[in-house]
Amino acid sequence: MISFASDYIAGAHPEVLKRLCETNLEALPGYGTDRYCESAKEKIRLACSMPEAQVEFIAGGTQTNAVVISSVLKDHEGVIAARTGHISVHEAGAVEYTGHKVLELDPADGKLNADRVRSFVADFYSDANRDHMVFPGMVYISHPTEYGTLYTKKELEELSAVCREYGMTLFLDGARLGYALMSRGTDVTLHDIAELTDVFYIGGTKVGALCGEAVVFTKNNMPPHFITSIKRRGAMLAKGRLLGIQFDALFTDGLYYEIGSHGIEMAEKLKTVFRDLGYTFFIDSPTNQQFLIMENGLMEKLSRSVIFEVWEKVDTGNTAVRFVTSWSTTDEDIEGLKNILKKI
Amino acid sequence: MISFASDYIAGAHPEVLKRLCETNLEALPGYGTDRYCESAKEKIRLACSMPEAQVEFIAGGTQTNAVVISSVLKDHEGVIAARTGHISVHEAGAVEYTGHKVLELDPADGKLNADRVRSFVADFYSDANRDHMVFPGMVYISHPTEYGTLYTKKELEELSAVCREYGMTLFLDGARLGYALMSRGTDVTLHDIAELTDVFYIGGTKVGALCGEAVVFTKNNMPPHFITSIKRRGAMLAKGRLLGIQFDALFTDGLYYEIGSHGIEMAEKLKTVFRDLGYTFFIDSPTNQQFLIMENGLMEKLSRSVIFEVWEKVDTGNTAVRFVTSWSTTDEDIEGLKNILKKI
Amino acid sequence: MISFASDYIAGAHPEVLKRLCETNLEALPGYGTDRYCESAKEKIRLACSMPEAQVEFIAGGTQTNAVVISSVLKDHEGVIAARTGHISVHEAGAVEYTGHKVLELDPADGKLNADRVRSFVADFYSDANRDHMVFPGMVYISHPTEYGTLYTKKELEELSAVCREYGMTLFLDGARLGYALMSRGTDVTLHDIAELTDVFYIGGTKVGALCGEAVVFTKNNMPPHFITSIKRRGAMLAKGRLLGIQFDALFTDGLYYEIGSHGIEMAEKLKTVFRDLGYTFFIDSPTNQQFLIMENGLMEKLSRSVIFEVWEKVDTGNTAVRFVTSWSTTDEDIEGLKNILKKI
Amino acid sequence: MISFASDYIAGAHPEVLKRLCETNLEALPGYGTDRYCESAKEKIRLACSMPEAQVEFIAGGTQTNAVVISSVLKDHEGVIAARTGHISVHEAGAVEYTGHKVLELDPADGKLNADRVRSFVADFYSDANRDHMVFPGMVYISHPTEYGTLYTKKELEELSAVCREYGMTLFLDGARLGYALMSRGTDVTLHDIAELTDVFYIGGTKVGALCGEAVVFTKNNMPPHFITSIKRRGAMLAKGRLLGIQFDALFTDGLYYEIGSHGIEMAEKLKTVFRDLGYTFFIDSPTNQQFLIMENGLMEKLSRSVIFEVWEKVDTGNTAVRFVTSWSTTDEDIEGLKNILKKI
């Protein structure tokens, strides 16, 4: 069966795997202190054009969100997020597990709006009972969002401004960052993100790695003893090399961008297929997640030969479904899907 | 430099890596629901001769300890461990981070003694103030221990008995289990462990995998919704295949035992080298961690050409050091060490 | 100044204080094991007509909510509450501090609707990704709500039904329960609440006590070792008598109801004053919290001679304000307010 | 029966209760913002001769310990305490519940020794693996200790010095502080404690109040938003007056010292009784807790007419028992005990 289930259906990008194989027998120190971790960190700093940035690697996305958020928030603070944000819905309460509240705001197209944030925070600070409430200490956004949408540079600047205005940390979840950066028409660069956020992560798992996310504290602002905070949350791998080598490969010769670019190219082809066949899009996504509205009978039929994800009910007869491309999607996958769709 | 720093200095055992490469492009579902995870679980059940056992994979050891302990303990309970146990000392308080106390008892040779445990628990239950104290709900042991020592079958039976007597869970940390099982002279089999404990884990990271530990609930006693508990603690990999494929390889054609066996063989050779040269052992370890007492000047000199770990101060002039072998240790490493030691 | 700031502006009801004085020199055992605690528990069981109910006393409301919710919820569960619920907004994230998410639903007049809850829970259980989400394990309601409104018996029955249907605990926060029970027109008795909920608490602090809430597990369903769970959260007073004696007094000769009744009588008089003067009510509340819409200039003027609480902005020119009555409100307070209002 | 069970067997000191009665009907704002709280804080600052000190009131001792420790510790830190310390043994793991480890050291006579602390901390900082360990961030002592013993000024100075040397907070649990301050022969004043510690608390519950402890941050070093941290842990009373009025009374006209003094006088008489009758003391305590070794048969007999606490088994035939005096102990109690002892 052709699978558009997610961007983590395959193993690692061949180039990444090759590096793991080549270095496999080298004796290296553990816990992220090896030279590949160092090299990868340096390459990421360069890619961000942020010489002062501090980088650490963590195995998975939910873990990264929980570690960063709980290490950065102060005791009395919570994190603002879109009600549809990954930390709000699909991490089984991992942020709350660390003791902090997710302050959920209504998004537009999966995105948080700076004015909405400002109004919420201004209301908070004008509330006489605020000492009995959770202080907004951080804003969490994902880019691309859970709906594949992207912030514009202007939108990020506005969010950055409201964060600075109220002393909040701006944290960007880049689980699919490669696809955001290479999306056609985006005006947001990796450097912009590093400039405008306080901390973000560069997703590896969904962009060609077996596992791993690179957390970037952009302005020499990593919490003291962050390594111990990682360890304490069980988020440190003994063989830190596994993450270092992969990110070193991803940031060598532009591989990370190449992967993003391929995923976007495949997504554009996918969009064309659906558009040409007259399908309605659930949301207009410029990245590697595409959302379509499908008539339930058709969806059922299609699911016998293509793997995709049921997203949410639209109405009694129709459902929103998700198709995801990645570095591993091939032209044959797209052609195959097209042929199946034509016959249904 | 020759390295005996740890059993996680190299990547994966070549056979494990080969399987990762062979399966790399297969499209698989995420989060541990793929066929390799299923296959690996079945092989582990067979290896344990426990058809009812339930298996889940988690990326690292500290995380596994924290997830298992905090998921199994009830609200009012803590976990008994040796004062030298990994959870007591070297996990940066990961168990306490989940809200539970580690009740530390004095060990003998790194091991918890059943009588010592019984006496502690009996004292607890005879204390009129026990409702104001942490209830002992679990006993945590490591096998091999942090000092390389092993429990005998009789010792495990006794610990198992005291746990059953007082309704405590017996949890065995098998981060280095492969080396325990293949240690010369041990009378403890994998089946014994599965029989005598309630939950244990089979270490992958230190026994040939890039990462990963296999948690085994031995008697159909996995906490309900354990998957969500894993997710909530950030301990679930999107590409669960990474763990499933590796454990599937480790439990195919006896690879896990072969790896353990090789590590033990190398450790025995290492012991002979040191013994022949008149060194004193800090502790008598039958597994892949060897502890020696070294005169400080000598230690300093040796550290210029061999990597090993400084363990603890013995007295003003001497230090306990640790040498670790693994599947990746070669005869050349041992010979090289021998030659260097002779010249010092 | 006349104060309608809250129902905790005065000390204890004189009858309660009298009992504290009378018993002051008696030597009693600590930590809630004294005879007054026993007597109070028995009286509460009788008042509820629930011979199997289990009662414990805790000093304050936020603490009670956090202790009960975190002791009852399972690891993978969160608690459903109205977005305006006390635990959602005004407890500084105390529930999240215990590691659990508050799943916020939109209320109507401060109340959770059973259909809304059912639809949320049904959606959850039909979601293919539910294992990555917080399970709804409990429904939290307050009665009266934060807006002074009350559930009808039918509404409670419906909530109880949906909870039973999905195996959720129904928890009722009765911080102001006395005023609910004596509200004119309510059809909900204390026995109904005990019948329909799994656990609830009878508020003392806001109904005549210096401090203290009585948690009632209605059906012999107190979590094992709940005492230790209380202690572990720092919520146990050494002089448990302080709570036992007060609740014993409150449940002697109908004092609790008398207090509620007086608060309601005063609230009705207050309503008449405002109604007669043509004020608009922000919400129609049948209990001791009354919400009015006030023109900002008027509000400012009034606040010079009367204490009340600013609730929320209604529009640019108007604000919702809260007036609260209690056992300590006097006819003179009402008359005084009336005279001031007339002159403004 | 005569009771020496504890110093919390009676209600409040009559003078304290009188003030509660006198102020009972005053309308006061909630949550510790009333004038009695302010007045009590000011009086405590004066009593400490620390004009910059910041004071907050919390209802109970375990809660105070948990709130202070968890608010002050940084993410990667734990708290050093005597293995016999209240937080180590008798708070049901309340500190661990907040996510932090108690690093237990062996005490001498219930006390932590500065050299022992220094050696532990020095070892920690010289350990190459310290990033994988819990950092010592605070030293917790109780004064009097759980065994009634007292630190000398010199001992406190030494502990203070080691804390300053290693950047650790020194926190003193003064649950029974009144008895320490008035102990015959102590050279430690309230001002000394305020000078030498970073934060401490003045116990109310065991020194004449119904409940309540006064936390003193001695050097303008209260964590920002401490009020919200208190609220978030459920440790804030709505009727904060209950604590403010009591501490205001305790620190008016030297009542707190008078209470301590009376408890000490009674303890000295108790000691004389036992000494004269040839009893052996389990430990030499200069405060209101007295520990005696009693032959088991005798203990059993005595327990029929006197209430005291069984402390711990000494050997097969003997048990250590605890007798506690307080402000409420009378000469008749002592005489009564003496007569009973003589007849046994």
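All chains are identified by letter, namely A, B, C and D, in their written order; residue positions are counted from 1 within each chain.
Keep in mind that, in the parts below, a contact is a pair of C-beta atoms (placed from the backbone, for glycine too) under 8 Å apart; a residue touches a chain by one contact, two chains touch by 3 or more.
This one's a predicted model, so the numbers in the text were calculated from it and none came from an experiment.
More inter-chain C-beta contacts link the pair C-D than the other of A-C and C-D. Distance from the centre of chain D peaks at A, each centre being the average of the chain's Cα atoms. In whole angstrom, the spacing between the mean C-alpha positions of chain C and chain D is 33.
A straight line joining the Cα centres of chain A and chain C is 41 Å long. With touch defined as above, residues shared between interfaces to two or more other chains in chain C number as follows: 76, 91-93, 97, 99, 131-134, 228, 231-232. Every residue of chain B that touches chain A in the complex is listed here, in rising order: 1, 3, 5-6, 8-12, 14, 17, 20-21, 23-30, 59-67, 91-94, 97, 205-206, 210-211, 228, 231-239, 241-242, 307, 328. The residues of chain B lying in touch with chain D in their complex are 76, 78, 89-93, 96-102, 104, 128-129, 131-134, 309-310. Against chain A, in their complex, chain D makes its touches with residues 31, 70-71, 74-76, 99, 131-135, 223-225, 227-229, 231-232.
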